[in-house]
Every structure is written in structure tokens, then in C-alpha cells.
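Chain naming follows the written order as A, B, C and D, and within any one chain the residues start at number 1.
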Amino acid sequence: MKDTIISIKNVTKRFPGIIANDNISLDIQQGEIFALLGENGAGKSVLMSMLFGLYEPDEGDIWIKGQRVKEYSPRQAARMGVGMVHQHFKLVENYTIAQNIVLGMEPITKGLGFLPLVNISESEKTIEAFSKRYQLNVNPRDRIEHVNVATRQKVEILKMLYKEADILIFDEPTAILTPQEIQYLLDIIRELRENGKTIILVSHKLEEIKEVADRCAILNRGRLVDIKEVATTSTREMANLMVGREVMLEVNKPTPTFGQVVLEVENLHVKNQDQITMVKDVSFTIRAGEIFAIAGVSGNGQTEIAEAITGLKKITSGTVRLNQVDITNEPVRQRNLEGIAYIPEDRQTYGLILDDPVSDNLVLKQYFQEPFSSPGGRLNPEAFHHYAERLITAYDIRSNKGADSITRSLSGGNQQKMIIAREIEQDTPLIIFVQPTRGLDVGAIENTWQQILQEQQKGKAILLISLELDEIMALADTIGVIYNGELLKVEAASQLTAMEIGAYMMGVKEDE
Amino acid sequence: EPTAGDEAATEAEADGDALRIAIVTSPSGVDDGSFNQDNYNGILAFMENHSNATVNAIQETTGDVAAAVQAVADVVADYDVIVTPGFQFADISSIAEDNPEKMFILVDANPTPQGEQELFDNIYAMTFAEEESGFFAGVAAALETETGKVAVVNGIAFPSNVNYQWGFESGVMYANHHFGTDAEVVELPSYAGTDVTNANVGGNYIGNFADPATGKVVGDALIDEGVDIMFVAAGGSGMGVFTAAMEAEGVYVIGCDVDQFDDGTYSDGNVVLTSVLKNMSINVERQLNAIMEGTFQGSNELLRADTDSTGFVLENDRHQLSEETMEKLEEVYELVQAGTIVPAANFNGHSPDNFPGL
Amino acid sequence: MNKKNPLVTLLGNEKWQWLSIPIFAVLLSILAGSIVILLMGKNPLTAYLSILQGAGWIPKANYAGGTGMLTDFTSFLDALAPMIFAALAVTVGFRAGLFNIGIAGQMLLAGFFATLFVGYSDLPWYLAKPLVILIAITVGGLAAGFVGYLKHRFNISEVVSTIMLNYMIAYVTSYYIKTYFVNPVSRQSEYIQPAASLTLKNLRIAGIRVDLPIGIFLAILAALFVYYLLYKTRLGFEIKAVGANKQAAEYAGISIGRTIVVAMMISGALAGLAGATFYLGHYASMQPGVLAGLGYNAIATSLLGNNHPLGVLLASALITTLDKGATYMSSRVGVVQEISGVITSLILLFSATGTYIRYRISRQRQEQKEKQEQIHPEGGEEA
Amino acid sequence: MIDRMIIDGLAFALPLFIIALGGIYSERSGIINLALEGLMGFGAFSGALVVVLVLHHFPQLQPQGIYIAMLFAMLGGALFATIHASLCIYFKANQVISGVVINILSVSLTAFLTRQLNTLIFQAPSDRFQLGVANRITLPVLSEIPVLGAAFRNLYPFQFLIILVAIAAYILFNKSRYGMHLRACGDNPHAVAAAGLDVERIRFSAVVISGALAGLGGISFAYSISANFSPMIYMGYGYLAIAALIFGNWEISNTLAAALLFGFARSGGYALARSLEMSSNFNDITMTLPYVLTLILLIFFSKTNRVPRSLGEIYDKGKR
């Protein structure tokens, strides 16, 4: 029998308006891979954050290695051998990879024989060796701001390993990795278990859990639903426990009929603010009624393509045509009016003004037109209100005070509904969806997919950019795979398998 | 409101002869150890003999002329006498007109005429013959210089400052003629002053009364030219000149308006050779006494050495002049008192190289 | 029921927090000021009453010849007008996400040009006064618009460029004032012609001498205008969007550069009006090389007024009352006037913690609610 | 004249630099510091007060006076900075507003206290504390170098101290663990917290250090310009320091260059005025030189400006 290494006893944690963890008790054994499963907002990250000392339980206590933890902090956690890979990366952008990894445990050298100085070169050497050992190859001298998301993920993992933690918490580490990279990570996790580490893995992806975990706990709305032996539990069973009802994510995709070309992108090149070329010679067309999806690992130029089309980012060279009109040099407003709707990836930064009311946000793209403002520039609050109430009802946007609610107080899913409502209502020939279902739970995902398909039915040209292969496979008519700023492959969806796409996403070219 | 005025009157009567005095000052306040302080000391001296008199010190914090007058207007109702040291208060004449029962002692400025009226029954305005003080400084500087180079540093070429400058130059000239000295007055062309008639008056003008940093630059530049005695009449900017003198070796300054000896102390001694004075305190005290005795008369007075209103420091431990120099200063002081010597001033028609008594 | 938290009871109403929290801060600082006054052995009540008397809110015991409460009150209004304008200028900038530290410089420059072109002219009042206003708006607007342009075009922080401009304006105007229109007695610029003045000086109302500031009416109008602009117009919507979330505004098709420049110009125009009412109203003359402290105090005043135009009116009135009443308090109570400066800064200091108070209240209310929820779990679920 | 330009330029640039360096500490930790002006003034006030008190009782300590003053100016500046730190870090106040308020408070408080203390303690009414001057030092050998030798002539004691403190501050900032944590706080405080470090404590100490450095700069100005402390010390040099550090892109070495530029532009302006022999009226025009120059240079250098990522953001542990 193995020893209990972590014991969570009757832990409750509240946030304004929500009980994130409700009287949870569970034990984790030394040397096992313990999975934590649950919908968005079920309270997984919060529970893990308490294990790591970022939050304090409102009630109940946590025992680690037989000790009850008091005045617990990340520093304390590190001392007790607990490490965590955070779902939302916590990296210092203008530091190098090495600096990020050693932060808080920097090796010291004696400058002039007495000054305790940080020994950067030693850290770099250590990290280099270290990353080789775990085959997580990174260049310790690269600055975080210059590396892609997958590398950042590796840095988070290395950070934890470097601190010689023996209890390792992975909070959704696979969300942004390609299938191949996921496999690789799971191998590492297994290897770590061989080395005697205890691992807690948080994930939505049932297959992964099935593959590596020994036991798994299921959370629902902050409550512990059950703890299962993975080996004897089917994924279907886990899914039902997680959502609390029968789920069947199935899309009825009607056969599309394509019309005229709506969007034409030709030889597009885009540089980022550091003058690094992020998009290289990208060309594609989208027809009316077509869903064109761009698949790829995050950070390979997808955002830049979307922003180049919408006018948010300056194009280095190339042309963009909308309905045969060259819009390459038009300002954002003009492009919107001529027919581009855009659901951005980062909804909190780009899509919404969080401190403004829902009504203001719903008219964000139309406030300057009648009836929202008069030709003289006077706003018409009644029109704002009216319009907002209509969308709130039509799109089932839930909030505490309707159109007057402050947007920040809405849940992530409802914020996303607001954006989709606003953009779809523009009734434009082209709609760009970037990561439309990120952070949504199963029900909301179903709903959003339906909406996308409806728009397709109406004859809209749709550009879908997503990191989720499932989503792309379910919706796309045509798939383009992007790697390192280049479209490596453009092909009808029916001609591609997920594994093939995964290979292109890793940069494997056809002839290899 | 007539009733309020009546109340004030009865209040004043109830207190008998208790004189309610206010002193309203510019931003530096009555305890600035300098100009305002000297006026305040006059009031305090008066109060030693009239123990039931009261004084309140009120300070205007912006230094703007309109604000200064507003401050007086805010409090005038509660007092019998208002002492206002400083040019900022010239406009109190409008308040004086409205409050004939209140008395005003205005220092260093004449009241602003109201229409044709230049004199006011209830304002005693005192100004000082700065050129006389400057003259004493010039004589002292010429007698004491080792390098044979002296200079005068001023703020802006307003008449009072030009008076000091020309008075000083007159003094140096006088000493060169009568006491066999050979002192040169150094002027930096880049700091020449332009007076209110737009005439170039030479001298060394900092261009500001509240910029010690530039003051120091000017002081340093003069020291670089070999000057070892500087007469400083430049308000707050003057502290920079003092600092320059302290940092240099063997350089002295002559203070003005009040005894500035304390401003000159530093680790190796004191840079204040002497200070030339406007004796405000005795004149304030005189006027307060006149009010008590009922002999107070409004007038605009230009005060001179003949009433001991201009002069220089006499206390032996407050200056560093040789006995010989002191004797010579006493000598010229009498001539100035008698009107034999009339140093040049901005608008008295004389010039530093041609004035009565030279 | 579980016991209520006094803070929540007192200040919990979110609808009134824009008013209740600053008032709470003010009360705290008045309390702190009282302690300082007590330490000096004086009576705080008398001190505060005499501040109100000095600013003309309540009658004094005695008035000097030809003056009355109205004299003090109009004089207070005269000083209030530039403060309102300046604080509004801060507010508009702030709402666009810009810190206009250059109010003092823009005031000075606007006042300077208005003085130069109109102040000494022989124009009749009906031309001179509107012209003063027009010049002030134009000059202030251009000066600040330039800052906005530098920010947009060259990415120069407005904090730095306004500081640089403040110095440059102070020195250059100082040169012109000293060289061309200084009064040798007052050592500042010659008084302007009454026709150009935005304050009607030395009027007699029922035998009482008053200075009637036109500026105060303009200032109240300006507050209403800013309110209208920010909450009722397209431009205001854009300004607030840019200030609240620049990326989202850009995404929505709002031109960031244009909005920044326009917001700065409006802010500068208001600062210009502050300058006009300050230099061609309240003072009628300019001190060479001196930047008005008001330009900096306005930043904190705007915050005290919660960056809302109507809040700004109240906050300006409060700060100006303290300032105006200080002389009389000093005279009546016999404490140095600087005390009032200390109290003012205490008020501003406490008001800076307004966000924190708000945060504590929402936290405590939450805790209360949760405690109740535990008693009635079903009821809480729906809430 | 060139000598004078170099000597005066350095004497002005170094205090300005050390104030700006204080600003860097605060801002690189994520706290906007517009309070430098007030911190500088309060520091100078504290140093001057203590030295005047000490010399009142032990006049023989006169030669050590300036060192005592510098020490206590740093302490006073640090103490006053705790207000800014508390407001910004614990009370979550808007950092710009807090800075402006602290400046207002500093001016009124020091003016008030100087007057009261002079009357109460020394029975000598005055609105300033008389400091006297520091003896200036010329380095042998180095000062003999033609032209540039001026940089080693007539140095104030505070210039040596500033250089020493600046070197120490540079090492602490760029090479030590603490400095590494501090700079990380300005970029992503959440990463710092996750590394087991106390963000609030690091930021608090950074603001306190910035107060100490500003205080040192303040007392240096008090000594080198007017040899006393009076409210005239509030001449906007704190704001100028902010401009220097933004100009210097929040980097210590670039900020030194910016401060030197200010210093030499200023002394160069005076030299120019003298050589042109224009009348004193034109001084005001030449005084604008450093500011005009800065603005022009900013046009060329601002594009690449890198504001610390979390600067001005209120750090909330719970925020995601």
C-alpha cells in the first residue's frame, strides 16, 4: 500500500458570487498520477492553486506529507516540494528562459569575492543540461517575449522540475499542444512517475487521462462528484459524471454550396513589432458559404493573419480583396462597414470593454450609425438599450442587470456570447472566428458551432482559426495548416485526417 | 452692512486704546529672518511699550499682487492698523479708500494712485533711498578688496535694484577719488540689465528674484573674473551668489536690506563682509507710536540717512570690516546725511561717475 | 440576522458611492486636520467656521467698508472658476487614458496670448471678452493637441512632453513679460484693460463692492458641456472607449490617434479657459515664470470628484473654499496659513484611497451575503 | 568657460541622475513614481534639519556635516516614500494621483515644519535651514588632463557619494537576486508570486529605496545651489528626473546619459548666454535649452520605448 502524500480535508473556497470549491475531501497517494476532471469553471484550478499556496482555503485544511500546512504560500509550497505548471502562464516576458526558470532560486556567485551576485552563466549552463535531460529542448538564452506558446509551456514545466519538486501539478498542460507534442508530454509524465514523483494532472481531455492516469477525481460546479480508478472506468462514464448528463458532441453538417469568392488573400507578409516576419507569403481564397479553417499551433502567425485582414495590423506586402475590392490599405472602420465581422481570440483585451455596460459593448461596432447616434453626433441611449435587450434575448446572454450590467461581471461564456451576437448581427459577407469556443463548456460549444453553421447556411464566407483540431474537423470545408507563418497545406477537409494535420502543424512537409 | 461696521466700532471702543495690528506678508512670512522679519520686529518693539496691543501675522502664499491685496481685504475689518511690507501691496490704496478709519503702513512702495489721488490720509508709505545703502556698500567694497575687482549683483533691473547698483558704483567711484583706492566694478555684458525705460544700465542682473541656481552661475562667473567682493541685492536668487562666495576662497559678499550676517556662516567662517540696511523696524515703530499719539499722517516718504533710515551694520561682531574702513564709512555717512553726497539713482538725474559730492 | 457592517451600511449604496466615498474621505481628513489644529492649541471648530466665513459661505462678525458676505462669496467664485476648468481639463484627458500634467503650462500660454492680443487693446468689451475666450480655447487646445500628436505620432509619453512644455512655456512667456509689459512696481505684467477682463471688478451691489466673475457661469456651462460630451455624444463614447481599452477601441474601428489628439485638444481648451479666467479674471496680471500651483492641484481635485464633471464641480468648490478661507482662518485663529495647505493635501491623500474603500466595501458586502447564503442556501443559488 | 561648463554640468547632472535612478527602482518594480519631486524635497528637509540640530549642539562636527545631512536625507526620503508605497500597494490608489498628492503634501508640510521648527527649537525665526557649503575636492593627476580634467576638479563630496551609491544601486539592480526579483515585478508580478516571492514586499522596498535616492539628490541640490534648505528647493527637478528616466528608457546607463545631457545642456546654455553677450533678459530663452533639446531627441528615440509591462497596474493576488 502506498502512502498518502496529500490530504485535502473538507476544503471550501469562495469568490465573490461563487463557491469555487465546496467542501472537497480527497487523498492523493505517493507516486501516482492523479487526474482532476471537470467542466470549465468547475473549480479545478482553484483547488490546485490552494495546494500551491496561491489561495488560502476559507474552510477546511490541507495536509502535505503528513503535515498540516499553515500560512501556506508558494514559497512554502516550494519548500515542501510542490511545483505547479499554471494554466495561465506566469512568465516574465523580458527575461530569458534561464532567468525565468531560476527565478526565486538563483544560483549565486561571489562578485569581487564578497558580493552575492546572480550567476547567470551558470544558470544557463544548468538549464541547458537540464532541458536536454528531460528532452524539453529550449535555448536558455532566448527571451520569453520571442518564443512561441509551446516553448513557454516547456519553460513552465522546466521551472517546476528545476525546483526539484516531487509533487508535480500540471494544470491543463496539453490545451495548446499538437497531438504529437501531447504524446511526448505524456511520456515525460510517465517517466517522472517512474522516478518516484507524484503527479496531479488537470485536463478536460478524457483520452489523455485514460492513457496515463491511475485515478481520477471529477469535479462539478465546485463539488467533488466521484473518484474513480481509471483502468476500470470508460471515458463515456467519466464524461457523463463530469457534465452531469449525457453528452453527445455531434454536428449535423449539411452539405455546403459554395458561391462567389468573397475573400482573396494574396502573398501576404506581416511583421510583428520586433520586425520579425510572422506571416510569410500566405495566399488563400474563401467563397460564399465556405468555412475555411486555419489549423496550427498557437503563435505560428494565425493572429497576425486575422489582424491583417481586419486592418488591425499593418501589412508588409501582399493584397487583401473583399468582394473584388482591394481593401489592403483601408482603415479598420472602413473594412467593417464593407463587410468583415471579427470574433477575436482575446475577447477580454480586444473584444470587450469590460468596465462598460453590456449595452455599450453590444453596439461597439455600430454606435456611430443611426439609430444609435444622430448625424450630428448625439447618442441615442434608448436605441442602445433596445438593441441590447433584443440581442440579450435572442442569444440568451445571462447577466444580473440585463443591458445595464457591467460586462466584467458576466461569466466568460456569456462574454463570448456577447461578442458573437454583436458580430453576427452585423450581417457581413465575411465572418472571422478566432478560437470561438475557447473557455466554453460543452453546452456552449455545441451552441456556438450551431451558430457558425447557420451563418454558413446563410451564405457567409467564414474564416475559422482554431487550435482545437476537433473543432476544425467538425466544422471546416477547407483546411489550411499553418506552420511558422507559412500555409504548408491547403486541402478539402474530407481529404485530411487529424494525424496528418497534426504532422503538418509540427512542420512536417509533404515530401518528408 | 452698516450694522457690522457699527459692531466693529463698539468692539474697538470696548478695548480702549488696545491697538489691533495685523502684518500681512508675501510668501516668505514674518519669520523669514529677513525683510518681513525686520518689519515685524518694529511691531514687536512697539508692543514692548504697549502691552495691550495685539498683533496677528498673516501670510499670502502665492506672491501675486492681486492675491496680496485680496489677503488684506479679507482681514482688514478685524484690525486697526495693517502693516504691509513689500512692493506687492501697492494696490492697497483701493482698500484704504473704502476704510478711512483703518490705518496702513506700506513699506517699500508708494500706494497706487486712485484716479488723480496719490496721497492717502490713512496710508503711510515708506520707500528708501537704496542708492545711499548701495553707496556705503560701494565704499566698503572698494576699501576692502584685495584683487581690486568688485561687483554688484541684482535681481531684475527694476528701479529699486538699479538704485542699489548705481549707488554701489557711485560708492566705488567715490572711494577711488577720495580714499586712493583703485577698485574696478566688474560687469558681465551677458547679464546687463535693461531698466523700465528700456535703457541698458549695465550691472549684473540674474533676471529673477527666486532663482538661486542662476544666482550661483552669475556669482561663479564674477569670481572667475577675479572679483572678490560682491554686493548682493537680488532677493532669493542672492542665496546662490552667497553659495558661490562660500565655495570660493577669499571672496566676500555684502548683504542688503537687513543684517544678513547669519546667512553667511559656513564651515570656514563667514562670507558676509557687512550688510547695508534699510531701517524698516524703527520706521514702523515710529508710525505705530504716531498712531497711539494721534499724530499719524498719511504720506509717501522717501526715507534717507538723515532719519537714520539707511545705513550699515554697526555691531562689531556682525561685520568683518577693518576699523579704518569703518571710520571712513562713518565719515561718508555724515556727508550723505548732510546731503553733501547724493549718489546716483535710476531717476535722480545723476550718474555713478558724476554726482554731487564726488 | 447576522450583524451588519457599518461601512457597508454607510457607504454600500453603489449608486451614491461617487458622492459618499469622497465625502467619507473628506470627513476623515477634516478629522485629521482637527488633530493638527488641536496640537497647536487652537480650536478646530473656530478654524473651520472661519474658513467658511472667509470663503463667503456664512457671515463674518465684521465687514470692512463697502464689503459684505457677497464680496467674499463672489471673490470665492472668482477663484473657483479656473479650478473647475482645470479639473475638467484633467477629467477629459483622464477619460481618454491620458495624464495631462501640463495644465499649468497650457493655462499660462493661453493667458499669455489672450493678454498679449486683447488684454492691452482698446477693443470694446463686447469684442474683447469673447475674443479672450476664443484665444484661450484655441491656444490651450493647440498646445495640448500638440502633446497628443507627439504621443500618437512619436510615442512620446504625454507625462514627459507636458513637463518639458511647462518649462518652455514658463521661460519663454517670462522673457516676453519681463521685456515688454512688466510693471516695475508690481514686477509682473501690467494689469489688463477692464474691457478684456472676465471678472467685472468693483461693481457695487446695494453699496457692497463685488467682483462678479463671468468665468463661473462659463465654468458651470463647461461642466455641463463635458458631461454632455462624455455621456451623450459619439465623440465622448469614443474618448471613453479609448481610455478604457485602447485595443478594443481600435478593434471597433475607432481611430486612436484622432481620438487622442481631439481629447487632448478639448482638455487643453479647458485648460486654456482656466488660464483665461485665472490670468484675465481673478488676477488680471501674470507673474513672469511662475506656473500656477492650481494646475497640479487640479489633478487631485479631479480625482476627488471621481473624474465625473459634476463631481468635479463639488470637489473644486471644496478645495477652493479651503484655499479662499485660509487667510481669514489664519487671521481669526492665529495659526499659520500653511495649515490649510496641509489639510488640503490630507483631503487629497485620503481621497486617493477611495478605490480601496470601495474595494473593502464590496468585499465585506460579499462576506455578509455569503454568510446569509449559508443560512439560506437555496435562496443564495438564484441570486 | 569650458571648465566651468564641465564642472557645473556634472554638479547638476549627478544629483538629477540619482533621483532618476530612484525613479527607476520604483518604476521597474511596477509603481509609477511622480512623487520624486516631493520625496527629493522631504529628503532634503530631513537632512538639513538633522544637520542643523546636530551642529547646534556639536559645532565641532561641522566638517562631517554634509555626510550627516546626506545620511538623514536618505532616511527622510525613504520614510516619506512609505506613504507613496502604502497608498499604491496596500490602498490600491491610482499611482499617478498618489504621486501628485505627495508632492503637494511635501511642499506644504516642509514649509510649515521649517518655520515652526526654527522658531520652536532654535528660537530663531527663519524660513530656511542654513547648511553652509561643502569643501570641494580636486583629484590629483586626473585633474591635469587637458580639457577633460575639469571633470575631476572642484568636486563636491556628494558627487563621490552619488557615484558610490549609484554603482551599488546598479549592482543591486542588475546583478543581485533582489534586483532580479524587482525587475520581474515590473514585468509580471504574478510570475514573481508564483516563484514564491512576496511581490508587495519587493515593491514596497523598491519605492522606499527610490525615496532614499531622491532624498540624496535633494540634499545635494540644497548644498550645491543655495547652501540652505528652503521651499525654493521645489524647482521641478523631480519632474525633470522623471523625464530623464523615461528618456533613458528605464535603463540605468541610458538614464545617466540623459541626466548628463540635461546637465551639460544647462551649463552649456549659461555658457552660450555669456559668450553671446546678450542682456540678462535673454537668460529665460537660453534656460529653455535642455527642455527643447530633450523634446527633439524624444522624437527620435521614443518609438522604441519599452514601458515596464505592469507599470501602473494595481496588483491583485486574486486577479487572473
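In the analysis below, a residue touches a chain if its C-beta (ideal position, glycine included) is under 8 Å from a C-beta of that chain, and two chains touch if they have at least 3 such contacts.
Being a predicted model, the structure only gives us computed values, none of them experimental.
Visitor: Consider the two chain pairs A-C and B-C; indicate the one with the greater count of contacting C-beta pairs.
Guide: Between the chain pairs B-C and A-C, B-C carries more contacts.
Visitor: Centroid of subunit B to centroid of subunit D, CA atoms only: how many Å?
Guide: That pair's centroid distance is 36 Å.
Visitor: Counting only Cα atoms for the centres, state how far subunit A is from subunit C in Å.
Guide: Once rounded, the distance between the two centres reads 45 Å.
Visitor: What is the distance in Å between the mean C-alpha positions of subunit A and subunit B?
Guide: Averaging C-alpha atoms per chain gives centres 76 Å apart.
Visitor: What parts of subunit B, by residue number, touch at least two of the other chains?
Guide: In subunit B, 29, 156, 194, 207-208 touch at least two other chains.
Visitor: Going by the touch rule set out above, which residues of subunit C reach two or more other chains?
Guide: Residues 178-179, 289, 336, 338, 341 of subunit C each touch two or more of the other chains.
Visitor: Which subunit A residues touch at least two other chains?
Guide: Expected reply: no residues.
Visitor: All pairs of touching chains?
Guide: Touching chain pairs, listed by label, are A-C, A-D, B-C, B-D, C-D.
Visitor: Which stretch or stretches of subunit C touch subunit D in the complex?
Guide: Answer in residue numbers: 99, 101, 150, 154-157, 159-161, 163-168, 171-172, 174-175, 178-179, 289, 296-297, 299-300, 303, 336, 338-339, 341-342, 344-346, 348-349, 352-356, 359.
Visitor: Touching subunit C in the complex: which residues of subunit D?
Guide: That would be residues 34, 83, 87, 90-94, 96-98, 100-105, 107-109, 111-112, 115-116, 236, 239-240, 242-243, 246-247, 281-282, 284-285, 287-288, 291-292, 294-295, 298-299, 302-303, 305, 307, 314 of subunit D.
Visitor: Where on subunit D is subunit B touching in the complex?
Guide: For this pair, the touching residues of subunit D are 4, 8, 62-63, 65, 115, 118-119, 124-128, 130, 132-133, 135-136, 154, 224-228, 230, 232, 235, 270, 273-281, 283-284, 287.
Visitor: For subunit B, which residues count as touching subunit D in their complex?
Guide: Within the complex, subunit B touches subunit D at residues 28-33, 37, 156-157, 188-194, 200, 204-208, 210, 212-217, 220-221, 224, 236, 239-240, 242-243, 246-247, 262-263, 265-268.
Visitor: Flag every residue of subunit C that touches subunit A in the complex, lowest number first.
Guide: 231-237, 240-241, 244-245, 247-255, 362-363, 366, 370
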